[in-house]
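In what follows, chain A forms one complex with chain B and a second complex with chain C.
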Partner chain A sequence: MEEASDQQAHVHPPPEGFLRKYVFSLDHKVIGKQYYALGLLAVCIGMALSWLMRFHLVWPTTRIPGLELLSKAGAPGGIITPEYYLSLLTMHGTLMVFFVLTNAPFAAFGNYFLPIQIGAEDMAFPRFNMMSFWTTLVAFLVLILAFIIPDGPPISGWTSYAPLSAVGKDAGPGMGWGMNLWAISIAIFCIGSLLGALNFIATTLDLRAKGMTLMRMPICTWAWFITSCIALLAFAVLLPACILLLLDRAAGTSFFIPSGLVVSDRLQAHSGGSPLLWQHLFWFFGHPEVYIAILPSMGIVSHILINSMRKPLLSARVIIYSMMSIGFLSWMVWGHHMFVSGMNPFSSLLFSFPTLTITIPATIMTLIWLGSLYGANIRINAASLFALGFISMFVSGGVSGFFLAQPSIDIVLHATYFVVGHFHMVMGVASLFGVFAGTYFWFSKMTGRMMNQTLGQLHFWLTFIGTYCIFMPFHYLGLVGNVRRYSSFVDDFMGPLMPLHKFITIAALGTGAAQLIFIFNLIYSRYKGVPAPENPWNGTTLEWSIPSPPPWNNFGGKHPIIYHDPYQYDVKGLKGDYIMQDSPEPSAG
Partner chain B sequence: MSSTSYESVRKPPPALGVSKASSARVAKVLYGAGEASRSGIWVGIFAITMSFAAFTSALFVRQGSSADWAHIALPAILYGNTLALLLSSATLQRARRAILAVAATESHAVRQGLGWLMATLALGFVFIGGQYQAWRQLAAQGLYLATNPNSSFYYVLTAMHGLHVLAGIAALVFVMSRFASRHAALRRSTFEATATYWHFMGVLWLYVLLVLRTKL
Partner chain C sequence: MGKLFAIVLVIIALASAYPIVTHMYVMPEDVSTHGHQIDEQLSDTMAEAGISFLLAQFVLAIFVWKFAERKDGGKLKNFPGGAKIMVAGAFILVGTEILALGVFGQRAWANVYFTPPRPDALQIQAQAGQFAFYFRYPGADGKFGAIYPDKIDEGNQNYFGLDPANDIESRDDIVSAELVIPVNREIHLLMHAKDVGHSFYVRELRIQQDFVPGLDLSVHFTATKIGRYEIVCTQLCGLGHYNMKAYLNVMAQDDFEKWVKQKASEL
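Moving on, here comes the complex of A and B:
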């Protein structure tokens, strides 16, 4: 009996040795940091790729020194070829969507804080957790390998539409082994994400501390939980799609390649496949993926806003129910990516309706945030600024979604910069603002030191203004018909748009440079920051009840008991205007 | 310093069928810690179901949208394989009953449980061998992966199901080695999760067979 209860109290023994502690760690906190580091690396590469693209767009004949070292064929003399532009674009999208927007807000912060916030010692399956990170890292390395092989990275965009992606090297440079590596990488990524999602769900269901009912979980825990439910189903569909794609490429099957297809003057030896099938499978994953990227940031931002306002939201429950309905509706809207695919126009109408419906819970959440902010005496710091910036980005980027959801308008705007601007703001930048907010908020817990506030606020203003300067003009470009994925523009009707393109490029380079402040701040504060107390923000949730950084088993081998809802602010507590979740003092209702 | 209060020790859940008098070895084997694997395995089953739903919808779209679909005759051995897999679920249930019964504290019951597990494992191998034989029969007819869309889906679906069965076999071997070992402990929930997964393999196979037999 002794042995058994001992086994239960410690999910795993304290780690010993460098490898177990920092590399092949079973500790969810170390794994969370590993995910964060991977996301940071991926975002740096992805951003550098976007600089190359922006630079080439406005100075197509200017040499970029050193670029021929990366690819002799793709950038002869340092000038990007149209095909290589597409390669950069594919890698930018793939890195950002999979390795940044899925990893950072969900896998990194979720891994670190979900077990702590529910009062658990670790994830339900620590070994699976370690495997999920290392699988993801392998996926990353396989993808990056595409830069090194002679074939180069694929050119089919992050959506890899068939039949272009399925026919092999006839489809262009990078479509031989480069494309194979892409499909293998994404298949591996799916496995890693499935393991992670399974772990998140089982942990949330089974390892909650005594008194931690589902409705007492913090909003961000809810967001990670809902996200993991979405991820479990979404990646379970993308994995079969990648397997079928690889078979079409390597084994001569015809799942996605139609009969009589001639590519590069060669008749492809396939018959009867359906290119639309790939789009259906891909977007059945792809649209929920958008919510995998944004829901965790919504949760993190709500969590931080409440803390900064020092009062509860108008309704935390409605936020949770809204996130649930977004998660549910996300399965019915994938066809809105396919309005111009040749799909039956009646299906377009059918997909348009739930797409417009999904804006309702999103709007409800926004109104709750804004309504709660009304009259609030908000503490201004880097974390709360980025949380406010998230709302701004989410609204500005989300509004264009109303237009794109209508098939008749989308036919005009499809594949223009309007769409690019829309998803970069609402999914890319908004989600990253959530990550920045989370970083400034939780850095103290993760490292035991405070992040520098001055640098943090400077970083916020430069990034906030910069991203608006980059992505707002995208909408205007799209409205006048500027198509996406072109590497340069001849002097036709788009000639007058070049000054705007130049402005965007300069803004992109500047905003990118501003991120160096963030990276400097991360490194500087990690070593020279002011030591952080246990609860620097006077927070109420469990992560603030343990030392910064937490010990390897989070709660020192004990099990907290939960007495309160997560956000007891604006009350008379023993320590101030808040009562912690695990404090037995009565709630001053 | 902190007003945090803790429950010093979490109450262990009751361990079924283990009395104080039972031998230390069996108590270790059967102790009911780590309930998370129970929901974990159901979450996993959900994800696998979703994957096969994706394959199925691809199959129906592909079958309905093109003229080159040629129905292949399923090898008869598949029905024998089905029988083997269903039987293995029955033997696994017998093993479960023997192991989880109060009588399992006695060593002959442990041996009996191990015997039934051995039978389950053997039937699992019979199934895998039979599936391989079915592939060879199709190949002998000149039906390969890329021959026509129906044969493509046949190979993909059976291979995917087979891979999952192999994972189940690995889990069974793990459970048996832990169970037979004098020193290693086996959580009861791990055993139950393995059993649930194995039964699911049977259900999944029936589904795959139904999909493969369906002609639109």
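Moving on, here comes the complex of A and C:
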């Protein structure tokens, strides 16, 4: 495995012409940027939808000028109807989970940096790589189409529980073509992700440069590799699940629909299906998906922390083994989403144990990060601040998992805002902190210009405080029993909780607005930023051994030879306190 | 800037813990016989999770305060004991928590799901459909009439699809939009979904259970306090989901019998 593969030499010729260079590019770096741009577009839409939802929750009768243009029926006169709220939450969840949290930390950064970090010229299958991006883009467009069709988007949430999702338009507007588009979009998305995952795995195993043993790979490369293995198995289950759902909807099959259902006064002509089958298939994908979202960020954050601390982690190996354990255990925990679903109560106990056990590798990682900070000399910049913020957010979102892993407590907290707070913190915000950290860290490599630090740090403070203000109170609401996916809280029970809801809405609007600083910084620094040197952070891994931005074939036709473990910091090197992986100088250890 | 991070983090951690410590936001009072076990389990978990949360945030704050942008130029050092102590610590800390919460804490779950209802429990059938609950009492004969989905006719108030013309057992079935139960008597609630998935959630009863189409599920509970409590559907069930609520009316035994009589006389 240490030998450089023959395939590595000139995977494809240099791109010529605008289309090949920037649109239908085979270059992993361009594809990585394309994924990043798609994730950015999706997160902007997803965030705008969450604004509308938060606005509607606390000011349900207030007009939002111009909103009627989005949907005449859903927002007549600019006022969101309770029904349209369900469409908003469905589209928000789907966009964020699939097109942001899967795309940005994994597909975008993974595509750009995995080949470079292992010393390869490109991915193993550049054409597959191009296909996976364009397939994902088609999936995105199909999903967005649901906003435009007359029925509007589906209303069954991002989990699309059957039989609501399976019986067709009898279940309500949006459950006709809107739901079809959802299922088609996700099926296409699965194909794109499967192609991507295969490519990542093949690249990591086959295209490593000479001397790049598996344990010499940077932690983020390991994270992308493990994530690819999870994604390969997870999307391979969601794809057939979506196909079965489409068959139930269009071909009259009954995979998820039992007999005797009367929906909208019509007796459904189905029999023999099981609604729980959908839940099992969906969560068999759905829980590993949480780790698909968070593992790459764990890798990115570890990579950046080490660089900022100027010393290695207490043990990179332990971090890698912990990520593997999390990946392995992620297959045994899906039932914790279904404690009160009517599944056999014995299964709940069985699912509870691996769910609690997965906290062990997660705690090990947290302790390694914390323990490594001891005695370091941490450089503070936008990237390292977001990496430190990630640890804080991961802990905050992680401890609430302890509650939800226990079936008895889940009886009262299931389907409340406690769950919403939990997964937004650990899967959403923590994962996005990894993306922000990665952006501030690698922007120089990707564009050849430094990102503005002042704006970056301002963005961090507003986002760090803001996200806590949004998502911590969600837990309090859940503890009172405030149920999620309800559009208006007008009754006696919810009345006293309204001040907290208003606080959350204001925090959400403010934190969302703070993201404009980030977007401005991206655009401003892209054109006006200070030109970046090759290795602005004194990093040790291969991405810092090539120009910013790298040439089309990454290493200029040369084949790097690897002499060291990835993180030779706190040593006496020729250039300072570090030795690069491809530098033949002797290592201290 | 590292010091600012530490200060902000400590403030966030303390502010996050304050509403929990002062019990600012808590579930409404428990009115069930089993709920106290869930509540105890919840507060035990809150203590353990809360301590872990505060400790981790404080340690992060302290280390960033101490070790960010050091001006002393001192040598970098490693945490005494290194990775081994972290791994051992995680196994011991979390392992104990898992044992404590996971093993000993399953009683509450077992109490709800593994003990069968008493033979003299009052059987009531709950039907969930878009977007209302209906409850059916077996009447004087103690038997529920069969359900015929094709006979469901909401316009004529035949919510369950009963066939009293041909089915004797259904003739005395009482149907109500409110779940009326006697206090201190065990209720065995048989759950039936008419169309899509729904859920039965009563905060004060510490009960939440999904209705699954095609699956016969049931829960049993005893309410210990007279009062009126909200029943909420917690499973996204379509357009009117946000309106799908009903009330649980817990009455004294005498009042309950009067209510049944009155309902029976209306048939």
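Rule of thumb we're sticking to: the second predicted complex is superposed on the first by the 581 of 589 C-alpha atoms of A that agree within 3 Å, B and C clash if a C-alpha of one lies under 4 Å from a C-alpha of the other, contacts with A are read in each partner's own complex, and residues count from 1 in each chain.
Please note the rule applied: contacts are C-beta pairs under 8 Å (C-beta built on N, C-alpha and C of every residue); 3 or more make two chains touch, one makes a residue touch a chain.
All values reported here derive from a predicted model rather than from experimental measurement.
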Greater chain A contact set [chain C / chain B]: C
Partner chain in contact with A:I506 - chain B first, chain C second, else both or neither: neither
First, second, both or neither for A:I149, with chain B first and chain C second: neither
Touched partner set for A:S545, first chain B, second chain C, both or neither: first
Which of chain B and chain C A:L281 touches, first, second, both or neither: first
Chain B versus chain C as contact partner of A:L137, first or second or both or neither: neither
Partner chain(s) touched by A:S259 [first = chain B, second = chain C, both, neither]: both
Contacts of A:A415 with chain B and chain C, given as first, second, both or neither: second
Touching both chain C and chain B, counted on chain A across the two superposed complexes: 259, 273-274, 276
Of all residues in chain C, those that touch chain A in their complex: 1-2, 5, 8-9, 12, 16, 19-20, 24-28, 37-38, 41-42, 45-46, 48-50, 52-53, 56-57, 59-60, 63-64, 67-70, 76-79, 82-83, 85-87, 89-91, 93-95, 97-98, 101-102, 105-109, 112-114, 129-130, 147, 149-150, 152, 154, 161, 194-197, 199, 201, 203, 206-215, 217, 230, 232, 234-243, 245
Residue ranges of chain A touching chain B (in the complex, touch as defined): 1, 3-5, 7-9, 124-125, 194, 197-199, 201-203, 205-207, 210, 232-233, 236-237, 239-241, 243-244, 247, 251-255, 259, 271-274, 276-277, 280-281, 284, 534, 545, 555, 558-561, 574-575, 580, 582-585
Interface residues, chain A side, partner chain C - complex: 82-83, 85-86, 155-157, 161-164, 167, 171-173, 175, 257-265, 267, 273-276, 309-311, 314-315, 318, 340-342, 345, 348-349, 352-353, 356-357, 359-360, 363-364, 366-368, 370-380, 385, 388, 391-392, 395-396, 399-400, 402-403, 405-409, 411-412, 414-416, 457, 461, 464-465, 468, 472, 476-477, 479-481, 483-488, 491, 493, 500, 570
Complex contact set, residues of chain B against chain A: 2-10, 12, 15, 27-28, 31, 33-40, 43-44, 46-48, 50-51, 53-55, 57-58, 61-62, 65-69, 145-146, 149, 152, 156, 160, 185
